Each structure stands twice: as structure tokens, then as C-alpha cells.
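Below are two complexes that have chain A in common, paired first with chain B and then with chain C.
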Partner chain A sequence: MPARPVVKRLPARRGLFAGFKGNVDAITIGLKYLVDPKRITLIYPNEYIKLDPGYRGFIVLEPKKCINCSSCARICPAAAMRMIRRMEEDPKTGKKKMKLWPVINYQRCIFCGYCVDVCPTEALYTVPYHDIVYENMAEMDWGLETFVKPPEYPTAKEGIPVKYIVDEEKGLVKVRAEEGEEE
Partner chain B sequence: MSVWVYGEQKSELGLEGTITRKIEEDLYEVFIGPQHPGSGHMRIIIRIDGDIIVEADPDMGYVHRTMEKLAEGREWIKNVPLFERMAIQDACNVTVSYIIALERILDIEPPPRAKYLRTLLCEINRIAAHLYGFGIFGVFIGHSTMYMWSFADREVMVELAERLTGARLTHSYPIPGGARKDIPQDFPQAARKAVRYFRRRLEEYRKIFLDNPVTRKRLEGVGIIPKKIAAELGVVGPVARASGIKYDARLAEPYDAYDEVEFEVPVFEEGDALARAWVKFEEIKQSLRIIEQAVDWLERHPREAPIHDRFWAKSPPLWKKVFEAEGRVKLLPLMANMKLPPGRAMARSETARGEIIYYVESDGKSTPYRVRIVSPSARNAIVFKYIAPGYKVMDLPTIYGSIDYFPPEADR
Partner chain C sequence: MAGIIDLILSIIFYPPIYQLVLVGLTGSLVVVIFIIWFERKATARVQRRLGPYHIAPRLAGLPQLVADLIRYAFQEVIIPRTADRELFVLAPIVATVLSILPIAVVPLTSNPAYWPIPMDYSILVALALTTVSPIFLIVAGWASNNKFSIIGGVREAFVITAYEMIAIMSILSASAAVLTFNLVEIVEAQRIWYILLNPIAFLAAFLSVLMATSGFPFEIPESENEVVAGPFTEYSGLLYGLNMGAAYMKRFAFSILMVLVFLGGWSPYTPGEGILSGYLIPSLIVVAKAAILMMIFSLTRSIYGRFRLDQALEGAWRLVFPMAVLGFGLALLEAYLGVM
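Here is the complex of A and B:
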């Protein structure tokens, strides 16, 4: 078995100057970051994070692809997705028919992405943002009209898109989103 | 007549440590929490004589959400996002053993790629959770630099997890038979950079926190749990390992890829708050090693869907197309109300705070008959009762922070 327990000992703190050295070390490090601070603060909403396309943000329906199968509503762990009935005219026969359509309630959604992954026709997709403010709770319960188009993203209109990239020296570095692409 | 409130129980257990002096009857009762910033969502009722704690009574349950009962009304896979909410910064570690239990009932084994992916996320989570613990610990004892640093550095791990899964914290990553997403193309590079960064950064952590004489003075010799007592109280995780108990679920019963990657389980024998901090510190280093190995392995092996054939072989071509384009594993609609064969299984995994155990029983329906969760924080909470007495009130935050107690996980 490759994993093995290893008994270690706490570093000893002996000698006359041990405490002195510890203090000097700690203060030196502190001073280093006082002079050259490492800041990753996001100046929101003047700046906003441009998330990767794989990010699980708001979910949007493409009604053309949807086959009204209810899988998404069945797998939803938060009961955010539900099916509504609609009378619709069949384009071929012209007869009226009852159809089921998914709608989503963003008061409940936990952005687990199960619905997107389970949809047999990829009729649902996620947009890479989630910071949208609503004036009241009722607005968060989307109807079918809202669900079929990506929600407006007001932050993107005003803010500067930034990205965090992993850096060897500084951990995370905030860069303008365009520069972040090459990383 | 003086009241020897704690003495008797203490000698029964054979506990040593600072012996309190005899207490006159006028004890003060102090309620620490649940609003106290240093207590989290719990209350510790302590009785003090002067400045010495003579009795401590952890009063838990403020964030009890009846998770075990809720689980009985939800389909198997829907419990993953629920259980995640026990410890969101440790999401993969706390849910992976539930998934392993389900796999045991289903009698399937995930493919190696899925195992490595889960292990990778587990270790990313472990580092993030340890840093979270360090941050809280730091601010408990008044070291706000540590708080700021570790929360900023935790962001590196959160960023990696986000690239891997698409969510910052509640990843809902493992599914029965596999994992939900493969690594993106640029992930190995970013992960290696993060590992190199942390190696260097941890040295600075040591200088400013662990080896800082001010911190050491507050941690050394505080909250000593002797090995025998640790075994008797049944503590787990870093708390047990700081008392010299060589126990780790990854070691005792390797799951996922842990029997293939090489790492050490650091054990300290001192048993005090400082040793507990060092265990976590050393564990971060080992987690970095595992991340490196997992990323190497994933890069060396061909990209194929990290899910058991049972959920993949008969899937439509669209499934493969999506996997190739985005690395996303699509789920079969049967996942939603999959029926498990009747049976029972138990599985354990090592979370950042210790071992979590799931006992899952199925009676052939699409929902569990019973899910029993034993979470590490629930087992470690007993430390307050038996270890805190004898120390000063000032030492309580140190003890609290060093056992890294996490109420939502303990209360479930």
C-alpha cells in the first residue's frame, strides 16, 4: 500500500535565540507583504469576472430542441424545474394539443446542472453568469417566455471583464479578460 | 463543602492535564454562543471558577436539518446536493462515500479515470477546507493575517475546483459509477502552477503562523488529548492523528485512487493544539503531492468518459459528442428515478475533518430506505466536554479552532 503513516515531531524551540528568530521571521514576512501586497479584490460591479463557458450559471431553454420529455423536471433535486401545460396547435394537422414545457424557478434552483446533463437533446444550456438582481421574488419564477432567451446581464454593460489566472508566484492574479485567454 | 464538579469524571476517564483546584459553590456559568463569533452555530455552556473552566457542555443542534430523514424522501442521486450542504467547502469528500455506498449496492466499480478525477477533486477540497480551518483558527486567536491569507489562498483551490466542475463550492461531482466532468485541456498546467505556488507559500505560513512565537505560546500545551483518551473518546481525523493515532480512512480502507497514489499520513504525538495545526499543515503538503500525481495520471491516459459502462455503453451518439466537445458526462434519464436493488452498504471516506461514514439501506425503491451519516465533527465535539475543563477561558477559542469543529456537519 503506497500510503503510509509517518510519525513526525513538532519542530523544537530550543536555544536562547529561538524566540528572537521566530519573531524576526514573522515580522520580515509581514513587512514583505506590507511593501508588496498581494491583492485579489474584485472591484464589483466596476469589474466583473468573466467566467469560463463551462461554468454552471443560469439555465436557458432552446424550445426548438425540446421534446417535452420531463426528464429535467424529474431529476431536479430542488424542485426548481417543473412542467407546465400549454394548448398548442400542431403545425401539421392544425389540431389543438396539450403540450408540456419546462419552466424554472430561480428562487429554488441550486445550479447543480443535473437538468442540463440529463436533457436527452441538449435543449438546455447554461450561460456563464449568475449575478442578476431581481426586484421581487415573483420575478425569479420564470415563465416560458423568459426561459427561452438568455437573461440580460446588466453587469457586463458597465463593468470591465476580468479573469483570475493561477500564477506560480502570486497564487491568483487578476487580469483583463482578453489577456487571460492565452494563460 | 466544595464541589468537585469535574474531578470525578476526569479521574474515571484517567484524564490528566491541568488539575483544577477545588471549586467553591459560586461558579459562573457563561454561555458561549450561538451568537458569539467564536462559536459558530453552536453553544458551549461553560462553568468557570475565576478564569478556569471547570465544566464545559457543548450544546449542539442549532443547524440540525433532518438530513437523514429528508434523504428518505428523495431519489438516490438527488441526495448528493443535499449531503453536500453538510460541509460545502469539502463537498466532494463528504459525498464521495455516499456514492461509493451506492456503487456497492449496485455492484459496479467506476473506471480508473473517474477514480482519479474524484481523488483529484477530493484533495482540492481537502486543501480548501484546511485553509478555511486555518483562517477561522487564526481569527479565533486574534491572528487576522492568517485569516486573510488563507482565505485568499483558498481561492486558488476554489478556482481550480470551478474549472474542473463548473461550480465553486457545491460541485455535485461524483455520481454513481463515475464523475460528471473531465478535466479541461488547460487544467493540468494550472494545477501544477498552483502546487508550486503552495509549496513556496506554505513556508511563509509556517513563519508567520506556526513558528511565530506569539502563536506558539497560545497553542503549545493547550487542549492536550493523550493518545489513550483520544482512542476512548473516539475522535477522528486530524484530532486523532495529532494524538498519535495512526488512523486515516484513506489508509484503513483505500477508496477511489488512494491505493495507487503515493502519500504520507502525517501523525504527531504531542496531542496539543499546535500538533493539530501541524497535522493539517503537513496534510496540505501531502494533498499537493496527490494532486500532482492525479493530474499526471489523467494527462497520460486517453480521455474517455469517466463513467461506468452501464450508464454509458447504450447512450445515444449525442452523449459522446458532448463529452468530446465539453468533457461533460451526460446522464441517462434513468438516473433520475433509478431503482437500486435491495441491500445495504457502508462506506467511509476521509474528509478534511476526519472520517465520515454512510450506512445506506435500500429496499428496492427509487428512494433510500435509510441513510445513516456519522460525521467527523459530531464525533469530535466530545472534546469540548472532556478536554476543555482545566484550561483558561482564553484557551477555549484555541481548542475550538484546533479541532476545526464545523456545526453544519455535526448537526446534519
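Here is the complex of A and C:
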């Protein structure tokens, strides 16, 4: 079926001064913001967004709770989590025994949090930050020693924690996270 | 010793040298750097951003522009093999020089010892000189031998046809009101600033200067998301910086002309005798007023979007040109009634 031709009509001309009010409004709003700017830029290294607990950031293992079931390694969609074998003494019997422990590779991790959800004993938990820089790729492949304690967060030492909240009058507003007061 | 100082002073304050080199070149460079910084900061404030910040937070990022200038100065100048080499290099240089040339013929004081040229027809000469430089933007676009450049040059040509007559008519309306082509007499006649007597002509002149210097609602020849950088697409390094600076220098020249015609020139101050009182202070007053006017010009960047070419031309011919004619009529009426 051929395309149906459509006759296009120009919109009716408005009066000569129809755009006058729009211009005045635009200039008024521009001057208002020029005099009283409501900036929302995050000055990143000096400020950082404080995230709520439960945010899916870096994943940490609590080895006392872990039952070495390897569910986390199985469910991991990016194959970032894997199990390593380690000879350990059983505290009850004193015999040496092979045990499986999870380790994580942050080159692959997509921070989906499935491992935390699937863990039957809640041995994995997330920390609410994810902006950590490593010097090389090998450092991102965590061994068991690194995995059992939360990673160091250098931004929090230097920066001010801030939060973005939605104000009914002003729109998006940046506030300091701890006191909850406006900057 | 005193004789040497006098000699140096007389060379520096020899009106053509002072107005072309000190006010025209150095002064406009300083003003342009300040204005570009102001433009970026003001736009950032309106758009809820910070603007230039990290290079010197206490100075609000002011050295950023100096850094940009140094970067342009040391960047490699690439001349495409297909470009017309001589014109490609010459066009931005000539355009920059011509765009500050109107400053060399306007009076910056009422003291006749410090006039660069005889002032009888100075407003005509200044207006004529403002119309020369845009040709070289078209030349730059043509010499680049690039589709975007040629489209940008043609857009520039369209915009020239729209704004030129508006600018000339609205600025000449002052000379119709005072019945003279002498800029000094126009300035001296403004007991009330001419902007208050004829705001219509001022508005028309304002819009036409925005069109002439690619101010924001009319930033059509080098609109970035339609034709990459318009006539400057192929330029790099210092030549690109010259091209960009030429528009601002032209705006500075137009601003000085508009300050003299509409905003009373050196108005609160009465020039006396000698270099300091007769030349330096009134010229600084004019430059400061021009800088404030340029700040108002650059505010439009944060408020307006960009018109299409046809919208801009239609607005210019249907709205601003009648406005300029109306302003001219108002000026004639004022001359008849003897207001000024």
C-alpha cells in the first residue's frame, strides 16, 4: 500500500506580540535563579552521597556464620563468586579436613546482591558504598583474608556526607546527611 | 627623566594607538576573558550547576579562561589539505582585526585633543566599519572547503542581511534625534540618557547586536548540534581561538558604540584637561559601561534556546525591523519637539 499523501498546513499565525509574555516569564525565571541559585552539583571528592543501609555495595563475608554450602557461588550470574578449597582443623575432632570458602572477584561482580539474598545463614552482607578505586586488576580479585572484613572507604574520611531530598517547593535539594540541615 | 616619561605617555596616549592597542586589543581581551567567565558562571547558576570551579575555588574558577587561552595558544594549528590555505589562515586574523576597528574611530572623551579622527561623521564611520568583518566569516567558511563550514557561512550571510539594517537604523536614530553625525555631540546632548527617551530603538539595537555576534537566541551560524561549529569547523588552535574571540570583540565594539549612543558615554563624569582627567578616566568609564552591557548580553545564553534560521529571519524582518523603523520615527518626533 503506497503511503497516503498528507497535506501539511502551517499553524495559524498568532499576533505579533503573542510571545511577549513567554519572554518576560523566561527572563524573570532566569534572573530569579541568577540571584538565588539552587545548586545541586555534588563536589565529589569533597562531598559524597551517603547511601542508606541495605544499598547493594561491596559484599563482605562473616566466616563464623558460613556453612560452606556454595549457594552463593552457584547463583552468581556473573560468575564473580567462586569457592576455594582450604585444609582446616576441625575444632571438635582435631582432624584435618578440606573445606570450601567463597571468595569474590570484583572485576566480574555486577553488585546484584543475589548471593546476599540466597545465603541461608545470612553470612554475607553488603556495605552501603561502592566507589573504591584499585590500582590494578589483581587487587580486585579478593582472597579470603580481604573478603572477611569491610573494605576501607577513603572518601568518607575526607568528604562531607550529603543527601538529596525532594522538597515540595524547591524540587531536588542537597542537604548534609548527618544533621539533616540545608547547605 | 621627566621628558622621557612625557614622551612615553604621549606615545601611549596618542589616540589611535591608545584606542586600537590599549582599549581595542588589550582591553577587549581582558573584558572578553571576564565576560566569558561571567557567561559560564551565570549560565551555571541558572542551570543549578557550579561552572568553572576546581582551578581556583576562591576566585570562582576565573583562571580557567586564562588556562583555556594558553591551551589555544599552544595547540597545533591543523590546515586541511583540501582547504584554501592562504584564505584559511588570513580570514580569522582579518576578521578579528576588523571587528575591533570601530573602537579606533569612536570618541572616548569630549576633549578635542584626544580624538582619534575628526568627529564630524564618526557615527557613520563606526557603523560602516562594523559591517566589514562578517564577510570574513563567510570567507572562512568558504575557504575551509567543508560542507558544515559552507552551510555555516551561508547561515551567517542570511543573518547579516537580517541584522545589518536594523543595527544601523536603530543606532542612527540617535543622530536623527540630535540632528548630527558627530558622536561627541550625541553624547553631550544626552542630559537624559537616550535609552530612556527611545527604548524601542535600544531594544532593536540590542537584538541586532545579539544577531551580529551570535548571541544566544540567534546563535545560528555556529549552532553546535546542527552544523558542527559552522564556519569554524575545520579550525584548531589559535586560529579557532581568534575566530571565537572575534565574535566577542565585535560585541565589545558594538557595546562601546551602544554605550556612547544610548547610555550617555562618559556621562556622570565631565572630561577636563590633561591625560588623566581628559582621556583615561572617561575612557575607563565607557569601557566599564560596555562591560556591564556585555554582561546583560551574555545573560541571554542562560535564558533562551536557539531559534531556527527561518524563525530568526522572520522575527528580524517582521518584528525587529518594524521596531527599528518605529524607533527612528520616535527619534524624528523627538527632534521635531526638541526633546534632546
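Everything that follows uses one rule, which is that the second predicted complex is superposed on the first by the 149 of 183 C-alpha atoms of A that agree within 3 Å, B and C clash if a C-alpha of one lies under 4 Å from a C-alpha of the other, contacts with A are read in each partner's own complex, and residues count from 1 in each chain.
Just so we're on the same page, contacts are C-beta pairs under 8 Å (C-beta built on N, C-alpha and C of every residue); 3 or more make two chains touch, one makes a residue touch a chain.
As the structure is a prediction and not an experimental result, all values here were calculated from the model.
Engineer: Could you look at A:Lys38 and tell me whether it touches chain B, chain C, both or neither (first, second, both, neither)?
Structural biologist: Both partners, chain B and chain C.
Engineer: I'd like to know which partner A:Gly30 touches here: chain B for first, chain C for second, both or neither.
Structural biologist: Both partners, chain B and chain C.
Engineer: Looking at the overlay, does A:Arg74 come into contact with chain B only (first), chain C only (second), both, or neither?
Structural biologist: Touch partner of A:Arg74: chain B, not chain C.
Engineer: State whether chain B or chain C is in contact with more residues of chain A in the superposed arrangement.
Structural biologist: Touched residues of chain A are more numerous for B.
Engineer: I'd like to know which partner A:Pro120 touches here: chain B for first, chain C for second, both or neither.
Structural biologist: first
Engineer: Touching chain B in one complex and chain C in the other: list those residues of chain A.
Structural biologist: In chain A, residues 26, 29-30, 38, 40 are touched by chain B and also by chain C.
Engineer: Touching residues of chain C toward chain A in the complex: what are they?
Structural biologist: Of all residues in chain C, those touching chain A are 42, 45-50, 53, 299, 302-304, 318-319.
Engineer: Considering the complex alone, what residue numbers of chain A touch chain C?
Structural biologist: Those residues of chain A that touch chain C are 16, 26-27, 29-31, 33-34, 37-41, 43.
Engineer: Which residues of chain A touch chain B once you look at their complex with the stated criterion?
Structural biologist: 1-11, 13, 18-19, 22-23, 25-26, 28-30, 38, 40, 51-52, 54-56, 69, 71, 74-75, 77-78, 110-114, 117-118, 120-122, 126, 164-172, 183
Engineer: Taking the touch rule as given, give the residues of chain B at its contact with chain A in the complex, in rising order.
Structural biologist: Going through chain B, the ones touching chain A are 74-75, 77-82, 145, 152-153, 155-156, 159-160, 162-163, 166-167, 170, 172, 180-181, 184, 186, 189-191, 193-194, 196-197, 201, 204, 207-208, 211-214, 216, 244, 246, 248, 250-251, 254, 258-270, 274-275, 278, 282, 316, 318, 322, 326-333, 335-337.
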